[in-house]
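All chains are identified by letter, namely A, B, C and D, in their written order; residue positions are counted from 1 within each chain.
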Amino acid sequence: MFYRESGQFKTSYQSDQAVFPIRQDLWCVVAFFLFALVVIPYFGTEYFFQAIMIPVLIFSLAAIGLNLLTGYCGQLSLGTGGFMAVGAVACYKLTTGFPELPFIITLLLSGLITAGVGLLFGIPSLRIKGFYLAVATLAAQFFLSWLFNKVAWFQNYTPSGTITMPPREVLGYAVTGPNADAMHRYIFCLLFVIVLAMAAKNLVRGPIGRSWMAIRDMDIAAELIGFRPFQTKLLAFSVSSFYVGIAGAMALSLWLGSVETAEAFDINVSFQVLFMIIIGGLGSMMGSFVGAAFIILAPIALTNVMVSWLGMQAVTAKHFEFIFFGGMIIFFLVVEPHGIARIWQLVKEKLRIWPLPY
Amino acid sequence: MVSANLDSVDNISHTEDTFPKLLLKHARERGSEPAFRQKRLGIWQTLTWQQAKDTAEKLSFGLANMGLERGDKVAIIGQNTSMMYLSMLATQSLGGVPVPIFSDASNEEFQLLLAHAEIKGAICQDQEQIDKVESVKESIKSLEFLVFEQPRGMRGYTQNYIYSIDGLIEAGVSAKGDRKNNFEDEVMAGKGDDLSTIIYTPGTTAQPKGVMLSYRALILAGLKSAKHEGINAHENVLAYLPIAWIGDHLISYAQHNTLGFTINCPESPDTLLTDLKDISPSYFLAPPRILEQVHAEITGRIAGAARLKQSLYNSFMKLANRVGDRITSGKNVGPFDRFAYLLGKFMIYGPIKNTLGFNKIKVAFNAGDPINSRIFNFYRALGINLKPLYLQAESSGYVCLHQQNEVRSNSVGQAASDVELRINEDGEIEYRSAGIFSGYYKDKKATNSVLIDDGWFKSGDAGELSENGSLRLIGRADEVGSTTSGVKVSPQYIENQLRFCDFIGNAVVFGAGRAFVSALITIDNEKVNGYLEKSDENIPADEEISQQDIVANLLEREINSINTIFSDDPDNSGLKIEKFIIIPGQFSSLNGEFTQMGKLRRVFVTEKYKKLIDAIYGGNDIVDAKASKNFGVKAAIKIRRL
Amino acid sequence: MEFINLVLIGPILEIAEYPAFFLEVVFGGLMSGVMYSLVALGFVLIFKASGVFNFAQGVFALFAALTLVGLMTGTMPFSLDKVLPELPAWAAIIATFIVMVGLAIAVERIVLRPLVNQDHIIMFMSTIGLAFVLEGLGDTIWGSEVKALDVGIPTGNFMIGEIQIQIFDLWAAGVAAFLVVVLAVFFQSTRTGRALRAVADDHQAALSVGIPLKNIWIIVWSVAGLVALVAGIMWGSKSGVQFSLSLIALKALPVLILGGFTSVPGAIVGGLIIGVGEKVAEVYWGPLVNGAIENWFAYVVALVFLLFRPQGLFGDKIIERV
Amino acid sequence: MSIAEKNTSEAILTVENITLSFGAVRAIRDVSFNINKSEIRAIIGPNGAGKTSMLNVINGFYHPQEGKISFRGEVRKQMRPHEAAAGGIARTFQNVALFKGMSTLDNIMTGRNLKMNKWNVSLVPSMFYYGPTQKEEIKHRQHVEEIISFLEIEAIRKTPVGRLPYGLQKRVELGRALAAEPDLLLLDEPMAGMNLEEKEDMCRFILDVNDEFGTTIALIEHDMGVVMDLSDRVVVLDHGEKIADGSPDEVKNDQKVIDAYLGVSS
């Protein structure tokens, strides 16, 4: 109904292959971004940034990572938490080990290190598929959190076993450490995540994305037309881990500041991120953001409703939260396996041809 | 720069009085502006005026190399591609005469036309047309060379007189040296009064007539109507109609070259609708056929929509039908209605126009045949400035134009500036104007019979002038008449009414000089079958649906409603369809009932269905079995009375 | 050299030195292995018959145990006060089994039927959701604090030579073995059982056997429920009924990889291997890396194994077609 | 050119004494035949004759226990499918094996993967996209568009293949195979489940491919009429063994063949 796309003809492949070929869509996205960049910082409170915006952004990045692997390449992973832990620890060791290293470089390096680890745990995909692989990734989860828990070197031998992010600056603004302003951390997260998200989008709309989807949709046919399944999957594993790792690093440095790795990135985190992409939408960038927002915001909303209004005990509320999430997953898988993103897409289709039915 | 010479359109300067000259002018003055857009390989590939000129130039070298002389005829056969239009320019730049031919014409027609036009060469779009020309080549002595644009499937063709466009150009460019004139000189040698093209009117009679049009006629006609409608160099036009039709030639060629706006050529026939939506033209020409189809499409889809949507659509369309036309033609409307219409524009009209690609239309013409008023109003109501255009090849389409604030479906407007218009004593329209053709090719007799004293042209159409001077078309002069009981009958008008009824596919009406009015009718299979399924009437597969009484009853209801319309209308006092026959199958241009532009070939039909017609007026109730057999019906065809 | 000594020689010597202790460790391993086998069995049953990899199997066990305790202590659902009559163990067990059957039916209705013909991965993820639901449900209904469970399995221990043996463990092993036999019989020689095996191959076949798919699924999930119940009882009475019980599912996964998703004997053998393997590793090599390696050791064993035999111990070779 | 080359009967692919078995099951028994450059070679036979297995052997998906295959002169025994693809063998599948999640365009683009410049489409450039990757994409998009207009599927360019009718899906699959510019094109029942009109189109395309690009084609087909019209030579398999080989007419009148088919029908 709002679309007036007729007359937007394409005179070049560049414009035809643009991410948002329809002008109206482009405007919406840009507007949304500017809102997040300009308006929110004005009205956001410390709590709002710390409890909502920053975690949403960081988990969006993790979700994008997992989506690349599971949504686009069709390889289910339950090890996301473990890989976030790798990223976090890597970031910690790098910052403490090389104080001179610029923060952004540190983040990227943490990502690369995680990518390496991911590559390692991707190797079983050479021989095994589906559930077998999912289980293999669980191994990663358990092994890694055990490793970081037991081997004191990863915590610089701190008795508490927690790792704490020292202060770092970007362009003169403190973004990590106890006295980093929440708003600055938020803006940094926003820009960093957006850039990485664009890179991811570029990947999936290009040849690499097609190779992943080919493997996902029909691996045998893919191999018969010349894709190398093993390389393709491994690439997916490492790129995915790269994103997840950076998310972990950001979670430590820009959000929590100080964590007990095994706790902060346990298997439930893996499930959480998995839920994000299921509810948000498998194989959709936008879905990764929506899903993250949903999974982060829903419990906050729920607790508010049940504890503050209905006066339940927090623990009971926690149980309901479990039921709620489980229910949501089943609901979405039954009703729309492709999640909110697909629902939005359908609505959009309807709007484009409104009032005609087809 | 175009408007500059609009005020003095009668004496166009000798530097702008042929299309090739205009091409040079555009290339010179606005070389980087788009001349053509062609959807090819998935995108709209643009050809600027400069590039257009260069291509035409090279092409002309090629043609010259084929030994094309001034006055030689070249057939142009194919879909709307920039190359086809450029071929015309190239031909004209050498003083040759392009003769566009309907690409889906039958081999006989090809033989007839190509021979009649004495073409020297044929430029075809693809293998299919090459084959057609090949099949009749023997009988055409003058034909020396064939050129094809699409190499697909041409690999096997080894004949030395068949060239690919590229091959043609190559040969021409390399042979460039040994030619006396360069491109510009050749072009400048052309005159405004030279023969520009020959448009064959797909004779509603058997014998084709080649309408000879001069550059001056076409250019003037184009400029004057453009001036009136405010058409300028920035229009966007979709070229999708047969290039051999005067309508397309006028807009996609004459006006295109005169005004210098952009022509967009669709990717393939079956992507037409999406391409239309892509481009969203600002200036649009369509025969009724197309407008009817689109309207049917929309209403059909809406019928399948959710209830909410339907009711929204219906209520807003009701409003639109009340005030839409007034708003479109800039008359004053109450503030509330105006607001409601705005709302509707956002909710319904806008979106629908968007999906059709009609939301940028400045002016749209319905040409060829009169259009049914209800369909016409549908478009006006949506806010599309649709106007009926009185379009005859012989007039270059320049006879009548509408005043912005009074557009009606049953009128083609008032005499355009510098056009004299009159109705002669037998009710036939006569006019003279700058756009008049210079005669029928190789047919003095026919020419003299229509081009009478000092430039008046007998149009062959019957019409009426209303008191404010606006012209109402009634039909072909030789078709309209009155029954023996003196009732005036315009078959075309009645057929238009019938064709719009549900369940009726097509209709031919008889009555002039006969006892009463009757009709041959074909059913709209889709609608009828749909109805039969709903009413779970099961008709055995081997039975001919069109002959079932239940179907007949359906049609009877429809036709009665038409009859009541007539009886309410003072113009049609006493008019009533009294009998009809449902004939199996459909009319089509392949079987010869239609011309390629969807005009009825009345003479042909009357011949083909003579037995049936005689039966009707013979007063019996059924057609004798033997005759029926010929039309593939087992039982005798029934004659239905009303 | 020093390292070799530490990693290889040391532990071996230790084993050689106290063989009895080693046997005891192995025995303990076998016992927990039995438990793993039990849970793994649940997985295999469901996977064979409905192609669904039921991630919620562990939570099934927890849920069963919770329900059992609740019934035996006469707890009122949703409120933790004990007002209902306390049921005797046998009655409670039967009642719980009925509950599990009800659960199976519900699952078939709400989850499986809508998802039939869906991609296996989708089904798998739906069971993750199911796990969450049941976990929350169990806790809300019966409360989440640790509960003791005693269905009257004798405890205590006796010595054979120098090896100390838990009577409870023997019982556990016995019950497990019994259950396995019963299932084997059920699958091999009852009509329904054969039908179930048929479904594993293809759903059409199942229909031709004459049992509608939905019934088959209900049956299978009920059986899986029964297995879960037994596992729940054993594990619960051993170490209390609590959330961690659901984690034995994660333990069972490597067992599956080892034994193959579709093989009942595989599940059992695999279970025992893993059980023993991780105990031994923990006791003799754990200390070197300050402990708690049993969380992942099993997985690593399974993975290494996979690389050489993707279809598992008893799984059959996969022929890919186009 | 194609005409000329057909006359010079130079084999592009030769299979010699191929035997393939799964465990106890013998899928192919000691089969030998060759495919000449630029010819259309039909492989026919009753169900379960081992036709598809034969294609799978040819493009390296199955590895025969015995026998050898020489493709364009070079002999090979074991070869991974993607190596075969790289070597210039493309194929379509008996039951359409398109990538359901992608559009027609993307599906055909995947066929170009081997033709793309490895560096331009490697990870880092792809992340930036604009620059080398985009150039590469556009270059190949053009080629793909030519295939699209060749197969006359402009109208469904952006439609997800999942939504397409079966006949069109088959056409898209052919497009995907063509995108690889193969020397040898294997078609596994290209007309299965098509209506008459679709079959005629497909026949036209197959002939055009063979004629325009001089592509060698090996096809499995049940519709005898089609086989007779299309193919230059026919090899007949039955229960994994070759029972006839020759021109369509020879094969049609071969007693063994008739029996084999009667055996199936009865």
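Of note:
As a working rule, a contact is a pair of C-beta atoms (placed from the backbone, for glycine too) under 8 Å apart; a residue touches a chain by one contact, two chains touch by 3 or more.
Keep in mind it's a predicted model, so treat the numbers as computed, not measured.
The minimum number of touch steps linking chain B to chain C comes to 2. If each chain is reduced to the average of its C-alpha atoms, the one that sits nearest the average of all protein C-alpha atoms is D.
A count of C-beta contacts for the chain pairs A-C and A-D puts A-C on top. The most distant chain from chain A is B, comparing centres defined as mean Cα coordinates.
Annotation: 33 Å between the Cα-based centres of chain A and chain C. Centre-to-centre spacing of chain A and chain D amounts to 41 Å, using the average Cα coordinate of each chain.
Put simply, the C-alpha centre of chain B and that of chain D have 46 angstrom between them. Centroids of chain A and chain B (each the mean of its C-alpha atoms) stand 58 Å apart.
Among all residues of chain A, those that touch two or more other chains are 13, 220-221, 224. For chain C, residues touching at least two other chains, in rising order: 320, 322.
Counting partner chains per residue, chain D shows two or more touched chains at residues 61, 93, 97, 141-142. On the chain B side of its complex with chain A, the touching residues are 37, 42-46, 277-280, 298, 301-302, 304-306, 309, 312-313, 346-348, 350-360.
Chain B meets chain D in the complex at residues 40-42, 152-153, 155-156, 267-268, 270-271, 274. Touching chain A in their complex are the following residues of chain C: 53, 110-111, 114-115, 118-122, 124-126, 128-137, 139-140, 144, 250, 253-254, 256-257, 261, 289-293, 295-296, 299-300, 302-303, 306-307, 310, 320, 322. Across the complex, chain A meets chain C through its residues 74, 76, 124, 126-128, 130-132, 134-136, 138-139, 142-143, 146, 149-151, 220-221, 224, 267, 271, 274, 278, 315-316, 319-330, 333-334, 337.
Residue ranges on chain A touching chain D, taken from their complex, read 13-14, 17, 199-200, 202-203, 205-208, 210-211, 213-214, 216-218, 220-228, 235, 239, 283.
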